[in-house]
Amino acid sequence: MPISRGYLVKRIVMLFLVVFGVLVIAFIITRVIPARPELLWAGPHAKAEQIERARQDLHLDKPIYIQLYYYLADFLRGNWGVSWRTRQPVLLDIISCLPATLELTITAFLLAFVIGVFLGLVAAVNYNKFIDKAISLISTVMASTPVFWLALILQTVFGIWLQVLPAGMRVDLSLAIKTGFKPITNFYLLDALLQLNMPVFLDVVKRMVLPVITLMMYPLGLTIRMTRSLAVEALQELYVKALEVWGLPKKLVLYRYVLKNVIAPVIASLGLSFGYTITGALMVELVFVYPGIGYYIGMALLSFDYPAILGGIVFVAIIYSVANLVVDIIHAWIDPRVRF
Amino acid sequence: MDRPQGEILVTLPLHDFFKFLTRRSLYMAGFIIVIMFVVIGCIAPYILTRPEEAWGTAYDLRKAFQPPSLDHPFGTDAYGRDMLNRVILGSRYSLIIAIGVVGLSLVIGVVIGLVAGYLGGAIGTTLMRLADMFLAYPPLLLAVALAAILGRGVLTTIIALAVSWWPWYARLMYVTVNSVKVAPYVEAAKAIGLGRAAIMFRHVLPNSLIPVLTQAMLDMGSAILEAAALSFLGVGVPPPIPEWGRLISEGWVYISKAYWISFFPGLALLITAIGFNLFGDAVKEYLNPRLRNIGGGL
Amino acid sequence: MSILLSVHNLAIDYYTLNGIIHAVRRAELELCNGETLCIVGESGSGKSTLGVAIALALPLNAIVKSGSIIYNGIDLLKANRNTVERIRGREITMVFQDPLATFSPLHTIGEVLEDIAISKLGVTKREAKKIVSEVLKKVRMPDVDRVLKSYPHELSGGMLQRVAIAAAILTKPRVIVADEPTSMLDVTIQVQILSLLEDIVRSDGVSLVMITHHLGVAQRICEKTVVMYAGVVVEEGSTVDLVNTPLHPYTKSLLKAIPRESHKKARVVHIPGDPLDPRLEVLGCPFATRCPHASNKCFNDVKYIEIGNRRVYCNIYSR
């Protein structure tokens, strides 16, 4: 089952090519398409000299391939522009927002995966019976729900009307100060555990409940539907019948053989599922005022802060590409037919 | 015994499909929702009871924030405009955008995929690498970036979404064409002496289109949701166009006091998306012969 | 020769979303100890369903409308779950037509074979590895160690079919049902697999039920042949007798339809008419619509007539 080193090397090289592609597309969007890119860069309230300086910085008087070179060089050096809203370098902003988003998306994503595969299998094994129809219908509804609308509803019902779960922010600041909570890694869950600070830990968890539930609806629905249809097809395969004929017990056949054959393609689609989770985070964080990258990009959109918008999106695209690479490697590890 | 691979009939047996639908109530419900959506979307301007309020040109602040009632089944918004009318008119924009997005990205994707698949070799790989570059962006984010730069508007929304969607169809087309072009009937066409272009258009294209078209039909629901998301974020359609996503964002500020402004457009989105999903499932199951004979696995 | 397994008055329906399909309308056969029996028929004759029923592997949407399969005095179709699990895979087992599809693509050959050994023979993992290696050597598999570590897509069709046979004989069964085991293989490999099966039958005293559409295969390897048409067993008898003096009109037409080079006139004689729709209810003989000797009685009243050690489903022979 081992994967050859050549395969890994090839995939990592492809990752760099992909990131290059991402930057080229971003370049085309920000420099080639707009009529006056320096206006976007400088911000809506810029004065004449600032606009002129932006022209110089962007090397707009030089040919396109030179501009591209400077664009790429800037990105690699960490100069992603300055957000006119926060007046900070964009890259700095993004990195400080990152842990919050990762905590949220990874939690929602893992939950969606585990619950999704389980329910999908349950539905497939009970094909056409009541439980299958119920799961199918619920998963279809989940996969059709507009995430931003759901976020609004849940926040209003549970956060404002019923006041059951707090809406907004990652942690209650006064509680944090009172209990001496210090964010070290900025992954609040981890930090709270490491400092054995249970009140803060519980508070963080409470504030994550609504956003995570909202965020995982769509991927959960998709995963259930996908797992179910894959499992239904897998159960029709000849090898399932062969294993039954050779007398293997049903449970063994299901959990050892069918499961592996179903999980392989599900994992292949996990990358895309993660992509939907990240995109959903954009809207969920905005609605719940959860200070992550999604909130950052959302606010940038509302205030026409172009360096922040593009910087955030490019960064998320890079994370997405890395996630896809990881998923592809795991898939190749499980399914030996895919390794080329 | 397996039948030898044959050409797919391009004329689908619609009558049989309808019988298939009537036997399954869920799929029928999905079909009805889709039909209703399309019909309402088309005739919307003619069935509005308060057209000026729907278009946003008239408003009456005295009637603002009225909860749902017999007079205003969906309530009124911040400017006293009837929400039912606005939602009905909004369906038209969702329909237009969905058709525009799917249509435009289909055209681009099919052409690129067909050329890449049929010509193969270096051209094919390069074109697919190009598609992969676009797919490196998470779904929707590329459209957000592009829409932010292009500005608001129905056309720019369509373009932004189509630019992020075409790679899907290109890839699907590429894979399908690759398997079709080695099918026996294509070999037969070559043996008769048909030219490359003729083979491409008369044999490869029609038979490759079916999976792509079914996928496109399914995708209409997603297109509506994504366009709504763009409008919600403020980079989709401009006010006062009552696109559902826009309506939801307009009601965002008042959500705790006047929930209906955001609730009903979202409900419309939900129901329409459910309809397309169910209908898409119906089509997929109908076209998949293996699924028809199932009685159970283990 | 003692009778090991007998099928009596069997009828099996499939319930599908396209309607009810009568796969097996009427089946009778007897399998003796150590005998090789061929079930011959065209596609759609129900021979695969009959074989699958004997191997206790009918899918959930198959309903046994009537009849019995008696094995060792037990009616397999009415047996309780424990009995069925005891017999299935251990005393009656099966080899399938598509060797590649028979195996899970993500598991090595060794994993599958060891699982069978462990769960059906109750041995430990180490003993299982030994048993598995031995059985692979028995099916004349070259490079046993490499094969055990291989995935199905890394092996050729012929090798995979050998593995499938190994999986079948692992538990030292008494009946092997082989569903067209060679039709997806190259001709040279076909011969090897058939002779392998022959050797196993001879050395282990296993009874073989071979399902095939190829009369040549039946002639080569089977002592007894059963002919099926449209879900009905129309004739049963020793292969030699059946080929030399066919009784049922369908069997006669089948033999005449085989193109032979010895004939001066190279004309292929085909059977007039169309195959029967499997959704139709048929009371009498299904071949009646195409039979030159059919009478009105043939459409709704036909019985099995026994002539010597042969059996035929035809009114011509009734007194």
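Residue numbering begins at 1 within each chain, and the chains themselves are lettered A, B and C in the order written.
Definition applied: a residue touches a chain if its C-beta (ideal position, glycine included) is under 8 Å from a C-beta of that chain, and two chains touch if they have at least 3 such contacts.
Predicted model, so just to flag it, every value in this text is computed and none were measured.
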item: Farthest-lying chain, centroid of Cα atoms versus that of chain C; value: A
item: A-B or A-C - the one linked by more C-beta pairs in contact; value: A-B
item: Mean-CA-position distance for chain C and chain B (Å); value: 50
item: Chain A-chain C separation of Cα centroids, rounded to whole Å; value: 53
item: Distance between the centres, which are taken as Cα means, of chain B and chain A, whole angstrom; value: 23
item: Contacts with 2+ other chains: residues of chain C; value: 59
item: Sites on chain B at which at least two other chains make contact; value: 294, 296-297
item: For chain A, residues contacting two or more additional chains; value: 244
item: In the complex with chain C, residue positions of chain A that touch it; value: 237-239, 241-249, 252, 256-257, 260-261, 264, 334-337
item: Residues of chain B touching chain A in the complex; value: 26, 129, 132-134, 136-142, 144-146, 148-150, 221, 225, 228-229, 232-235, 245, 248, 252, 255-256, 259, 262-263, 265-266, 269-270, 273-274, 276-278, 281, 290-291, 294, 296-298
item: Contacting residues of chain A [partner chain B, same complex]; value: 17-19, 21-22, 24-26, 29-30, 33-34, 40, 124-125, 127-128, 133, 137, 140-141, 143-150, 152-153, 155-156, 160-161, 232-233, 235-236, 240, 244, 250, 253-254, 272, 275-276, 278-279, 282-283, 286-287, 297-298, 301-302, 304, 306, 309-310, 313, 316-317, 320-321, 324
item: Touching residues on chain C, where the partner in the complex is chain A; value: 55-57, 59, 85, 88-90, 93-94, 96, 98, 101-107, 112, 115-116, 119-120, 151, 153, 164, 167-168, 170-171
